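Labels for the chains are A, B and C, by order of writing; each one numbers its residues from 1.
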C-alpha cells in the first residue's frame, strides 16, 4: 500500500509539473502561437501601406530526408527574416501518414495553408469540396504564370482555375546499380520487355536480387502495371477508359496484367516484398542489395538517406527508361510520372501565396535542384541540376508527348486506391489480370461520372 | 502441514522432474525477454550499427538516440498528454463506478435488476466495435481534437467491467456493518463515504490500476479522435514516429523503449493491484 | 435480533409512506447512478442507435446524410470477399487461441502450481507483456520479423539451420496470420496464466490430498479434479479470449495494415479502413452493426451453452 501511495504522489507531482509546463487539456485546441487568431480575421485585400499584422502560415510537407528538410526550413527562415511579421509553422510528415492525415483534415474542413500535393484527380476532389484557394488571379499578376512550364502547371489546375503550383515534375524510370549489373554480366540496360526479363534471369543466376519493390505501400508496384498499360495501349487506351468511351477492361489493361504476371513468375523481388514499404525498398537500393527499382525522380535522395553511410548509390547509379513492349501501341518516349507541388488551403492568408511565390522563384528552384529535391519546373532552373541522371529524367519528361500522371493521382481517390489494391493482388498472385482490370473498371464506373 | 507439503512435492517429483519444469519455464522467460532485449540493444546502437549488426550486444552503448528523443519537446508533450488522460480517466472511472456499484450492491429499488443488466450489456459493446459511431457522437458534441473527448469515451467504456468488479467487492462487505451504521443514523451517503470506501480500498486500487494500464496503452480512441500532433498521446505518437522514422530502426527502438518505461515502472509498483483486479472475476465466491 | 428487523424494515419499505430516510435514499440512488448512466447512455447506447440510422445511408461524412440506400450497405458487406476473409481470420484467431494459447497458459499455470519456488518471479515475468501497449508490441515484433536476415532476428536465427531459407513472414499471405498469432500469444498468455493460477489457488488442498490417497496419478488428478474445479475460471478465460480475438486492431494495423492483399484483414481493420481511411461513414456504421451482432450472438450463445450463472450474468 505504501509503495502505491508513494508512486501515486510521484505521479501527481509529475503531472502537476508537466501541466504547468504546457497547455491545459481543457482548451479546445492546444494554444498555437498566439498570432493565429488575428490571421483569420485579416481581410483578403489589405492596403500595402498598412502596418503588417502578425500572420502565421501553416505549411505541411513530406520531405523527411535530412538535407531536404533543412532546405525547406532554410527557405522558410529566409522568408521570415525578410518578413518579420510572418511566422511559418512547418509540419513534416511521412508520405503514408500525410495521405492518411489529409483524409481526416478534409473531413474536418480545416486544411493547412500550404501543403504537399500531387495534383490531378485527388486535388480536383479537394477543389470540388471547396477546400482550396483559387490563385488564378495571383498567377496572372506580374507574369508569375509564365515562369512555369505549362504542362506542369496544368496538373495543378481544375476547370480552368489554378489551386497551386508545381515545384517538381519528372518521370518514373528504372534506377539501377551499375556495379551489380556488371557483376551479372549485363552490358547494357534492357530496351525491350523481353530483354528485361532476360536480365532478371541473369541477375538471379548471379545471386543478386533483381528488383526491389515496396508491396506493402502498394503504389510502387502499381507503377509497373501502369507503365505496361502505357506501353501497350498508349494514350488512346487511357483516354478512352477515363472518358468512359472505353473501359479499363479493354485489352491493353488486361495485357498489362498478363505481362506483369510473367515478371512475377520469375520471382525477381526481394524476400518478403509484399510486406516491404517504400522505405524498405529504398534502403535495399541504397545499400546495394538490389539491382533495380522502378521509381520516380525522388529516388536518389531517399536511397542516400536510407543507406548505412548516407551516400546511397553515388556514381554506381544509372537510369534507363521503361522498356518497350513488343507489339505495343505506345510510343517509347511516352512517360508515366508526376511531380510534387504545393496547393493553397482555403483559409490561407495572402502571405501564404506570397511565400509560395518565394519558394517557386528561380533561385529557390535552383537550390532544390542542386540537392536533387526537385526536378525544376521553373524555366531557367534546369541547368542547376547537378545529378546527370536527374537531367536525363527532366529531359525525358519534357520531351514526352504523352505524359500520364500516376493513376492514383490522376483519377479520383477511390479509383486510385482500387488500382493500387488490385495490382497488389497481381503481385501476390491472388487476382488474375482479368479480375484486376474488372475491379478497376467497376470502381471507375462508380466514381467517374 | 509440513508432512502434507513433503507428501505433495514427492508426488510431483515422481511424475515430473522439477528440473524439467524449470527448463520449460525458463524457455518461456527467454521468449518473453528476447524481443524486449532486442529492442533495448537496438536503441543503444547507431543507425548504421543497427543495420549491420542488429542483434549483438551494443558495445559500447551509444546513448545518442535516447538523448535525441529526450531532447525532442514533442516526446514530453506526448508523455504529458498520456499522463493527463490517464489520471483523468482513472479518477472518472473510480468515481463513477464506485458510486454505481454501491447502489447495485447495497441499495434496493424497483427495476434494479433491469438497470444492472442494462449496464452490463456494455460488456458486449467493446470499444473497437463502437468506435465509429462514438466518433460521430464526439464530433457532434464538438469534442474532437480535444483530450476531454478521449477521456470521456475511455471512462464510458470502462464502466461496465469495473462496476461489476466493484459490486462484487462491495457485496462482500458484511451487511451487519451497514445495519449498524444505519441504526446510528448514517445516511446511505455517509455509510458509503465514511465506511465502505475506506474498507474497499484494495478493490478501488485494483480498479484504478486496471484503468490506468488500459488508458495508458489505448491507441484507437486517440487515433480516431485526435488530429493535432500537439495532442497526441504516447501510443499514437509512437505509431506516428515509427511511420516517419521507420528506416532509422535504432531511433525508433529508442522511442519505443522510452515509451514503455513508464508502463514498466508502474507495473513493478502496482503489480499486485493489477493482478487482484483481473482475478476478481475469476475468483468465484 | 432487533438490529436485523430494524434494517429489514428500512430496506423493505418501498411501499410505505415517504419517510425522510426513503427520500434521502432515493436521492442517493439517483445521484449515485447519474454519472455512470449519463456517460453510458451518451457514449455507448446513443452511438449504437445512431449508427443503426447511418448504416442505412451512403454517407461520406459531410453534411447531413441524404443518400438513403436501405439495406444496400449490409448486402455489400455480406457479399464482400474481403469482409468474409476478415470474419474468417477472426474465427481463425479464436480457434487458435482456444486450442493453442489457452492450453499453453493452463499447462504453464499447472506447472507453476501452488508452491513452486520462484512462482512469483515467473508470474511477474510472464505477465509483463500484458502491460506493454499493443503499439510497442507491434513495433517490437515488426523489427524481429524483418525478412532480411541481416536485420530481422528471427530469420537470422533461422538460417543458422542448414538448408533453411529466410521466410517472408509478414510478407507472405500464407504465413502472416500465424505470425500475428505468435505475437498475440506472446502478449496475452501471461494474462490467462494469471487467471488460471488464481483459480488453482481456490482449489482446496484437501480434495487433491484425498484423491492422491485414493491412488490417483497426476494425469487422473488433473482430469478429474483440477480441471472440473477450474471450470468457472476456464469459462472466464475463454470468454475474454474470444471477445479479445474478435476485436484485435492495433497489433494488426501496425504490423500489416491488414495485408498483404488482405490476408490478415480482421473485422476491426476492415471497419477502420472503410470508416476512417476512406470515410465511407454510412458503410462503416453498417460494418460496426454487423460486428456488434456477431459479438452479441457469441455472448448470448455462450451464456446459453454455459448455463451456470457466473459473474458475467447480472444476478
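To be clear about the criterion, contacts are C-beta pairs under 8 Å (C-beta built on N, C-alpha and C of every residue); 3 or more make two chains touch, one makes a residue touch a chain.
Predicted model only: the values in this text are computed from it and were never measured.
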(request) Pick one for the touching-chains graph, please: line, ring, star, complete, other. (result) complete
(request) Name the chain whose C-alpha centroid is most distant from the C-alpha centroid of chain B. (result) A
(message) Roughly how far is chain A from chain B, centre to centre by C-alpha average, rounded to an integer in Å?
(response) 40
(message) So the centre of each chain is just the mean of its C-alpha atoms; given that, what is the distance between chain B and chain C in Å?
(response) 14
(message) Where in chain A do residues touch at least two different other chains?
(response) 104
(request) Hunt down the residues of chain C that sit against at least two other chains at once, touch-wise. (result) 276
(request) Find every residue in chain B that makes contact with two or more other chains and list them. (result) 51-52, 266
(request) State the interface residues of chain C toward chain B in the complex, per the touch definition above. (result) 3-4, 6-7, 10-12, 14, 21, 24-26, 28-29, 31-33, 35-37, 39-40, 42-44, 46-48, 50-51, 54, 108, 111-113, 115-116, 122-129, 131-137, 139-144, 150-153, 156, 186, 190-191, 194-195, 198-199, 202, 205, 208-209, 212, 217-218, 232-233, 236-237, 243, 247-250, 254, 268, 271-272, 275-276, 281, 284-285, 287-288, 291-292, 295-296, 299, 310-312, 314-315
(request) Within their complex, state which residues of chain B touch chain A. (result) 47-48, 51-52, 76-77, 79-81, 83-85, 87-88, 142, 144-148, 151, 201, 205, 227-231, 240, 243-247, 266, 269-270, 273
(message) Using the touch definition from the top, list the residues of chain A that touch chain B in their complex.
(response) 1, 3-4, 7, 11-12, 14-15, 18-19, 21-23, 25-26, 28-30, 64, 91-94, 96-97, 101, 104-105, 108, 277, 279-280, 282-283, 287, 305-306, 308-309
(message) Under the stated contact criterion, what part of chain A meets chain C in this complex?
(response) 100, 103-104, 107, 129, 215-216, 270-276, 289, 414, 417, 421, 424-425, 427-428, 430-431
(request) In the complex, go through chain C and note every residue touching chain A. (result) 61-62, 146-148, 166-173, 176, 256-257, 259-261, 263, 276-279
